[in-house]
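Each structure below appears as structure tokens.
Next come two complexes built around chain A: one with chain B, the other with chain C.
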Partner chain A sequence: MAESLSYLTSVSSQLLSVDKISDDRYDCQIRDLIAYIKRSDKSLDTEFLLNNLNPSQHTLPYLFMLNLRVGSLQKKTRNTSPDEIKPGNDLWVKAVCFLRTFDPIQVRYAGNEWRRLIELIGQAAEAAAKPFLAVQVIRDAILRLDSLCGILSSVHVIFLRLCLLSRSYSYALPVLERQIFHFSTGQVQAYRKYIDHPLCSKNTPKDFFLSDASELSVKLTYRDHVQYFLYGGMIYMALKEWDKSLHWLSIVITSPVNDSVSKIMIEAYKKRMLAGLLGHGKLAPVPKTISSHVLKVFQSLTKPYMSLSEAFERNDFPRLRAEVDIGRSIWRIDNNEGLVSQLYNAYNSFLVLKLGRTFSALTTADVAQQAFTSLESSSKVENFVASLVMAGYLGATMLHLKSPGNATMLHFSGLPETYITRERGVRAWLAKEGQALKMITNGVDQCSNELKLGNENLQLVSKNQRWPDSSGKSGGNVIGEADGIGLEIDEDIMGDNN
Partner chain B sequence: MELPPLSLQQLATVVTSAPTPTELYHTLSEYEAEACLLSIQDSNQAELLSQYYATFFFSHLLTDQIREARISTQRMPENLLQKDPSLQNCLNLLRAVWQRNYEQVYRVLRELPWSDQLKPLVQSYEAHFQEKTLKEISRAYEAIRPAAAATYLGLDPTSAAQGDSATVQKLTAYGWTWDEEAGLLHPKPVAEDPQKEARLYNELSEVMALIGNRRS
Partner chain C sequence: MDYMQQDAFDTVSAQNAGQVAGTGSADLENMTMNVTGPLIRVDDPPKFELESYIANYTGRTRFNRLYLIGTCSTHLSVEALKAAVAEAKSGRDVTRYERAVRALADVAPNDAEANPDTTWMDHMKKSVKAETDRLEHELRGYKNNLIKESIRMGNEDLGQHYSQIGDLSSASKAFQRMRDYCTTPTHIASMLFKVINVSIERGDWLNVQSNVIRLRNLQSKQEEQAKNQPKMSAALGLSQLHSGSYLDAANSFLGTDASLGDSYNEVLTSNDVAVYGGLCALASMDRNELQRRVLDNNSFRNFLELEPQIRRAISFFCNSKFRPCLEILEAYQADYLLDVHLQRHVQTLFTRIRTKSIQQYLLPFSCVTLESMTKMFSPGSESPTDTSSPFVQELIGLIQDGTLDARIDLEKKVLVSNQVHLRKEVQDSVLDSLENYAREAHIRILRTNIIQAGLEVRADERKQRDERGKGSAFDAMR
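So, the complex of A and B:
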């Protein structure tokens, strides 16, 4: 066994000097290493090797040993989640340590094993009713493998589900806030065969080593795709980031459909209605990309939510309360009871905000008279309004008056500092969008290269070469020709909109 | 960097050595998974858990993550949360902060029995809460009665209402002006941290540079 250990450590130690050896040599050595492990897997003492290998240095052999050990225990105990992998036990500790320290280059060669380990950790934590234990580990592993996190994988879906189960919503943000700009299609472009970048090369596009073929992700289905965005929308709702949740839920409801809409889409549509009311005091406009027949299906299946929204938007508090009571069982079945219960507070907040659009100043007694029949006393109204102003939800200032009646005046017109605050907000937003833009720009560059070298464009080029007269040019700039086609498509799109 | 195992001693070290509340929060959040593995059946572990979760709770408050503090209470072991006096105090405090019940916030912080380990954090939070509230009042009020200001800031509202000079002096020490005839205080807006501004400008410059590069 010492001989195996010596071989595994020496080969993987050489891999660590990745800057000193060429990509081809690295690729060759790592493939030999995998072949060696697969050849001798039955004779290896996995426990001994796990105790003597360093997961950050000997990532690949360590990962294989972990999988072999888990596999043999599963076979022995006939249990998919043996005791050793349960949280806190020996294999759990080893797996967690591995996922925190692995070498992301070596893992590219063992995608299936890496993914299986993540799935196992998730299952074990969930089985122990402690899903939180897997959340930080999986998040760190996702970011370690691909710091940009721009490619959707099955691990992302598992991760968001665990975040929801463990109520660790903000832990999902480092992954959620990275822009997804690639979806693994399973189809590898033909030209890729002719580009000789080994998996370990820093020039290898990330979508290549994260493709279905690498097995770092299982093949994503339609369901996985909509589920990911539904989960993301739900996490943003839990964090009360309504605009972001609306955006994520819009992605779900605008997903392509054949004849019928999916249950997940209906669920997203319901939640989106509530997010609109809670975030903006009204229903969010339906994206124009939803076809009319799909919209009709949505509307017919969400009638109780529609009635609730109408009552909210028309400032009809008695009806709102009645609708909330009538639909209680529906909200419970849909797991939207918590969101619906937040409507009362949102209703009161938006009433005050609406007054600000009509009046420039009111006393809090007037506010109580104009808006609130639900709150008992004017002092309660004053406290409520003060909390809105002090929390920054309401752009107004308050002025205690000299009069003996302890009156308070509310000035809705914002002071100059409101503009400063707004400007600061815009600046922060611009800076944030700038970061996103930077990442998307890199993605666009890559997509542009893909399009130039992609199957469709190559077919077009070969077609044009066969009929040189049809384009009016011979040879020439391929991209220029494609641009011409692009313009026609653009006009069609504009036509549809009109 | 690997953290030392979670223990009462380590917890005390983390609290005393963290240079800022943000760092305290980050270090404690790294321990949450380890805390999750402890059992409340073991009395020593239950004591450690109680201390850990209460400290973690205060680190949320000190970094103004009220919503996150509320969510974190939902991750605590239910039995511990219901029985442990420190965590019950935390829940009372959370409720008061969430509802913006200022009188109750100060009452919970000052009158409830906090453990010796938590007392420094409780005092830090009281000072932080006062400072935060002061900024909010300065932004929200053009003029405010001394009694109302005293309630917001945890001072004695009765003596403030009677025009007690010591209380008024405390409030004017914040740069507010006192209109004796009207019996009103005029708050002075508190300036924002200039470092934050500079950081935003730097980030914006990066964006503009990026746009410039792409155009060419």
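So, the complex of A and C:
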């Protein structure tokens, strides 16, 4: 046993000095190591090795040993998540420790095992009804493997689902805030195969090592990416970040459709309508990229939501209440009851905001008179407005008047923002947007390169397409305009033949 | 047109759409009856004398105007309807005689003229039938002889006859058939004018516009053009007025040459041009334009002299004396409501003028007391600064639809205009467009990459994977 330990440690410690050895050597050695482990896996004492290996240095052996151990336990107990892997037990601790400290480059060679470990952790935590325990671990592992997270993998979907189950919404933000641009797929771009980078190299494009070949992700289906973005939208909704949630849900509803619309997309459309109402007081405009027949399907399947939002937008409170009551069973079936019940509050706050655009000062009694809602008395209005001001939605101040009736005067002006703080805020915001824009531009460039629409490619194409000109022009002019066009087409055909 | 009120525009265009759809058989009288006829009752006495007013017009418009006044005005109804009956009886249109008599019977059932003269009607019907047959027979004869000029004149006579008996769609068709047989530009011009007149009476404003444009493109002599110009622009203005494009209408009326005089009395008089043009201009132009293009306009001054109150209203508006301006308009409202062309637009025009006055009035102030505004725009109303007073409600409406950039302060009872931070606005819009761009680009990139990865939503795949639950995570949102 000791000798296998010493062999494993010696190889791994060689690997650690990455700077000194070339990528190719590294590649070679690591493949040897994997072959060795796979060859001798039956004879290895997993427990002994697990106790003696350091997961950050000997990532690969450790990972394989963990999986072997779990596999043998699973066989013994005939249970997919045996007790030892449950939170708090020995193997759980080891797995968590591994996922916090593993070496991201070595893992590239054992994507399948890494993914299985994460799935296992997720299942175990869920089986023990403590999904929260897995959330942070998986998040750290994802970020550790690929700090930019530009590529969607099946692990992402598992992670967001766990976040929703454990209601640990804000823990998902570090992953959510890194925008997804790519999808891990089976087929790597053909030209990529000719660029020979070993898996460990820094230059290896991410979508290569995250492709199915390395098995870091199971093969994705349309369901996975649609679900991922829906989950993301739901997390932002729970955090009341309506703008972001709208964006994520827009991604879901604009997903390209081959022949039929997915039910997940319809769920997203419904939630998006509610998010628009809650966040902006009106329906969010539908993105232009959505095709008209898909939109028709959406609209025909979301009629109750449509009439609900109409009532909301028209400031018709009695109708809004009636619509909410009528559709109660629908909201329940769609699991949107919570969102719908938030509408009342949102309605009132948008009403007050609207009053703020019309009046610069009025008494709370006037507000109650204008509102016709649950805010029927001026003291209720006062409480409600106070909560809005404190939450920062509304810039207003209230004054208790001494003169008749002890009315409260509401001033919609708030404290003026000083010039400097605003400028600073704007600058910071601009810098942030600039960063985001850079990311997007990279994405666009990469995308157009892959579509062969990159600048170089276009130049090449235009160079190849320069026709021999001025040969038939004079004849065309004589014949007349209409014939001239026909002649030019002829020229093109000739050019193709050449 | 940026201060155009949304709802006002909607109603106008809706009516307009109705017009276009119903051009087949609807004529102007039916139109006004259907759309607004029964709705508008004018109780105030108008300022004009009925007899001298109607003496300005000739042709079929006399009856239309009399009938409208008779049905709408409570003051003049009997007088006007009697005149309408007499007018109808002097013509050959039996249906409108019947209509006038029926309307008179509603107002004054005991009047002698309220009983239809059946002998006259029978006689007239017979003679009309005979005349129609004769003209059609003659036309057929001309067609057999293939003499262009005779065919043209035959069609003209037939059209004239149809329009006299009130069969306007046939009249329009007959006039349009003349087209192929016209040989000189003068003929074409006279034919087009006939078509335009019939279209005006039918309320087919699209047709009016297209024919005026045809007329304008006609190659004819300089003096001919000069002679036709006033009538053309008057007709064009009328059609634009009815389609709700008041600025265009104002421009057309302002461009009408003073030589119009009383040459177009079968449709409108110079007084009408002054009123229509003045009101449209007042509703659609700003103060500078009004001064420059209306008051300083030499040719339009001739018209304005005929209707001095319009001139006064415009100059009051230009001098920012809004109260007298609105007072003049209110005083003449009854007159305008009894005008066959203006009736449906008076309300919209007045609302716009009022809205514009309020806007102009607020321009120099950063803060105005509601009291002084009420004095200016709705004098005599009680508790002017209460939230429920109509004037404050009107202000609220204007603020909420974005016409006024101001806010009401109910504590100090003032209207405060909003401060504009240009720099802040620019910054906000920049950030906004940045964000929008980033979002849209992201969605588009994802879309391409999804398609490239072959991950489009498909039907077949769903069946296989339906088992994999997706519900559990939704529960978390509850």
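FYI, the second predicted complex is superposed on the first by the 399 of 498 C-alpha atoms of A that agree within 3 Å, B and C clash if a C-alpha of one lies under 4 Å from a C-alpha of the other, contacts with A are read in each partner's own complex, and residues count from 1 in each chain.
Rule of thumb we're sticking to: a contact is a pair of C-beta atoms (placed from the backbone, for glycine too) under 8 Å apart; a residue touches a chain by one contact, two chains touch by 3 or more.
Worth saying up front: this structure is predicted, and the values here are computed from it rather than measured.
*Asks:* Looking at A:R167 after the superposition, I want to know if it touches chain B, chain C, both of them or none. Which is it: first, second, both, neither?
*Replies:* both
*Asks:* Who does A:A129 touch here: chain B (first), chain C (second), both, or neither?
*Replies:* It touches nothing on chain B or chain C.
*Asks:* Between chain B and chain C, whom does A:L437 touch in the aligned arrangement: first, second, both, or neither?
*Replies:* Both partners.
*Asks:* Identify the partner contact of A:V389: answer first if only chain B is touched, second if only chain C is, both if each is, neither if none is.
*Replies:* So A:V389 only meets chain B here.
*Asks:* Once the shared chain is lined up, is A:I326 touching chain B (first), chain C (second), both, or neither of them?
*Replies:* Touch partners of A:I326: none, neither chain B nor chain C.
*Asks:* Using the touch definition from the top, say if A:C28 reaches chain B (first), chain C (second), both or neither.
*Replies:* neither
*Asks:* A:R422 in the overlay: touching chain B, chain C, both, or neither? Say first, second, both or neither.
*Replies:* In the superposition, A:R422 contacts chain C only.
*Asks:* Contact-wise, after the overlay, does A:Y231 reach chain B, chain C, both or neither (first, second, both, neither)?
*Replies:* A:Y231 contacts chain C only, not chain B.
*Asks:* According to the contact criterion defined above, which of chain B and chain C contacts more residues of chain A?
*Replies:* C
*Asks:* Can you list the residues of chain A that meet both chain B and chain C?
*Replies:* Of chain A, residues 167, 238, 411, 430, 433, 437 contact chain B in one complex and chain C in the other.
*Asks:* For the complex, give me every residue of chain B touching chain A.
*Replies:* Residues of chain B touching chain A: 32-33, 36-37, 67-68, 71, 74-75, 100, 133, 136-137, 139-145, 148, 182-184, 189, 192, 197, 200-201, 203-204, 206-207, 210-211, 214.
*Asks:* Would you tell me which residues of chain A are touching chain C in their complex?
*Replies:* So the residues of chain A in touch with chain C come to 161, 164-165, 167, 179-183, 185, 187, 220-223, 225-227, 231, 234, 237-238, 247, 250-251, 254-262, 264-265, 267, 287-289, 335-339, 354, 357-363, 366, 369, 409, 411-412, 422, 426, 429-430, 433, 436-437, 440, 443-444, 447, 450-451.
*Asks:* Report the residues of chain C in contact with chain A in the complex, numbered from low to high.
*Replies:* 387, 396, 399-400, 407-412, 416, 424, 427, 430-431, 434-435, 437-459, 461-462, 465, 468, 470, 472-478
*Asks:* Under the touch definition given earlier, write down the residues of chain A that touch chain B in their complex.
*Replies:* 87-88, 130, 132-133, 136-137, 166-170, 238-240, 383, 386-387, 389-392, 397-402, 406, 411, 417, 424, 427-428, 430-431, 433-435, 437-438, 441
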